[in-house]
């Protein structure tokens, strides 16, 4: 993570007025100021230690004390440009330290969203295909205090237990998005975190299913009916015993097949 | 539709240079130029002749001949501000005429998207609730030639015939969005156009369903399995004989419950 | 707010199994469960006491104790269907009470987003036109404790002081979105809350500007350059002395005209 | 592009009913049916012959004759999974041929959208940074007839000539998105196509600008004022003489800094 040519460029600016560095008399601190919606190529670290290419959308902010007029926006991009490490929660924490040093700040945060792929094998035919997940890595520091949060969006099937029980045949089911946010205190791979959601679902998804697979997932979902409440609770049951996770949020949005709105549940918990 | 105070304001501008009216030498016509993403309150005309309040998002454009440097953007908003008629395809055509006159143009178009509600009665319990639909009205004129197009986005349930046939129990189903675009040559109400989609679905949707209704829709969908191809074909069968529709497009996007992508079909047809 | 015919329909359900009411043994509370992305017509109360029609997108949730298996999703929609009062923070609080009673819950929340229009008069020509704002009303209750929050998204112009000071002519400027979230302890109209943002901007926006107006807003913005930090601080200065606001968040996103990303600032404060 | 293990999996399906292959009696052809919103890693071919990693969002469709009940959705994903070539318009055309063969179809299309990055050097300081562009590659075949279309979305600055001319100082400017769609009959790199838009703008964008750069781009934009009409016409002037482009569309959306809506222009042309 070095880019002297980038940092040197600041000298060039020396002869122009530096408006941002002037004093501010309004006596109002700004908790977060910086850049957002910055797209930048990233490599995500997968479970096997290998990395995969993705595209990150970054938000990078620092806290600004009352007496400082403005932050230096270009330095956020400099820090991003100078970085070349594969991203996981730990390396994002290091990038945050670099950013805080560069911005002369004691508190700040970086959030990056990206798409992550896993190669999955269909349950009967064994054909392989990719499935895409949303991933959000977040690192923040308030002076010495540091938080690393890893969030995954996992698309699954949910099948309604009520519909199944009251109907002579069939049961309404739909795609759901389970979102697990984990405040980390140990290494938890993206695949492990995704697995919590897939195990709690009526059925997990695959990109490619042949007919025997389709029969399997149809019957599997029917055999594992879940309310939106069950989805988040079953994830929470698994996270409750997970020592690498300090705290968690679990949400599920069910894009109801019988309505034009969603059913939604959200819970949070903290491990001792 | 009159707003003399608005139009008079042009005189005020007379002393400032009118850059847009200068000549252009690049010899390039612009087929569409104007404003887009303009939000404005509208009233939509429902089937019963009554109107309902909604919020339209407008795109308004004219064709610009090669020799004219620029259009007068503010006049589009003036035309919109001066309008107070309830919207349907016919009145949108009148608004288009007003706009073309005001912009000194012979060709142009207005497209407006809005949300439309219908009060529906649940199939067993009889409870009433609203369901929301997307509506797009489009009027365009190329000199004397005029097209009025009315499009509805209708959320429905689709249930997979393959999944049903190969599975011992259950069948995957999901929310689908059926979109019907109709080039009109007669009055076709929004409700009539929506009905084409709802009749072609595995089951229609309601905002509010009690348990006996949920049993009904679950079993009804199981009894009416449809591929995405069936959805668009069954709508087309109905539109094929519809004298008020000169031409049509029918699409369906099925937000698959067993994948993280959609199945999609699209067809077009023209009546003699 | 009464709809006996809707509520009566529950009796009809009596003969089918009520899966949601069964006991749950996982010992996990769910802080929020309900419906989201529900579109429903609303009337918003404007500053003049009059109401305007809009379309709300609702999220309605209750807290579910560990021992209850599921909430009754259809009741949220019943409550919405039974409501016919114009919405402001106060009446949303009443709707929340009705919802909690209907769902047998002691804690819960309703959030509704809608578009709000104000008729504005252009600064020189005096022509009138509508401008659209995003509004979010939020009411939540945790047993006896209640919070009402009113949020407005206000589009404005921002002009960069640094660009102006270092350039021989011109200054980059762009559309910005200022978002003010106010926890209310008194009546604060939407218009008053919007005014805080418009006064803090380099210039406010209008839907319709004639040439003399365009000259005015161009020069006005040049005369009032603001960093993204200035925007949020100047709003905070005004809110700091506002007795009707218990606490506030202020954010501004500047869609930079010289970059393909945004500058962004966010602060929060609490009045004594 | 081979994946025998994937294709072999079809044999496994042989014992289950193949509902999609049954005959259809509605006599309605479907012009497009397949999958959409499929995310898949891709490599885009850059100007230097090197490739860069991105994430594609695919739509893959075939035309279905009236007598066939349904297409085989899983085969689209198989074709995508079996592909490993870097993508440009030419290789997408080859992927289309593979898809049509696999689906037993004579007509069909593939569209893929992705983000493309270029490393750019700031105009004064010389600091380097990435800028992101939207890219859409589209290949379609109707029996023997083939079309390859390459589209780029290029963010730029536009500065209003009217505002500049009528104001004593300053000029409103904003981010604009110029979209160029090119039907190719020769190799046109993404960088060449992007350059058409950047040259036509009031000023191009960079991810990272130091103060001397900011001065440069501010003054450059002021010296190159352009209406939305100028943006699309100046791109068209350049494309008019471009032998590798059979036909083109050019659009620009200006996210006006003085309004809450966009100015928009669109034109199309065909080279002899």
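For reference, chains read A, B, C and D in written order, and residue numbers begin at 1 within each chain.
In this text, a contact is a pair of C-beta atoms (placed from the backbone, for glycine too) under 8 Å apart; a residue touches a chain by one contact, two chains touch by 3 or more.
Everything numeric in this text was worked out from a predicted model, so none of it was measured.
Listing every chain that touches chain A and chain B alike gives C, D. The chain pair from C-D, A-C or A-B that repeats the B-D interface, sharing more than half of its contact pairs by residue number, is A-C. Remark: among chain pairs A-C and B-C, A-C carries the greater number of C-beta contacts.
In this assembly, the chain whose C-alpha centre lies farthest from chain C is D.
Distance between chain C and chain D, defined via averaged C-alpha coordinates, is recorded as 35 Å.
Measuring from the averaged C-alpha position of chain B to that of chain C gives a distance of 27 Å.
Here the CA centre of chain A is 25 Å from the CA centre of chain C. In chain B, the residues touching two or more other chains are 16, 38-39, 132, 162, 166, 207, 209, 211, 215, 260-261.
Listing the residues of chain D that touch chain C in their complex gives 131-132, 155, 157, 159-160, 162-163, 166-175, 203, 205-207, 209, 211, 214-215, 217-219, 221-222, 255-261. The touching residues of chain B, when paired with chain D in their complex, are 16-17, 19-20, 24, 26, 28-39, 59, 61, 64, 69-71, 73, 161-162, 165-166, 227-230, 232-234, 236-237, 240, 253, 260-269. Residues of chain B touching chain C in their complex: 5-6, 9-10, 12-13, 16, 18, 38-41, 52-55, 74, 77-78, 81, 115, 117, 122, 124-130, 132, 207-212, 215.
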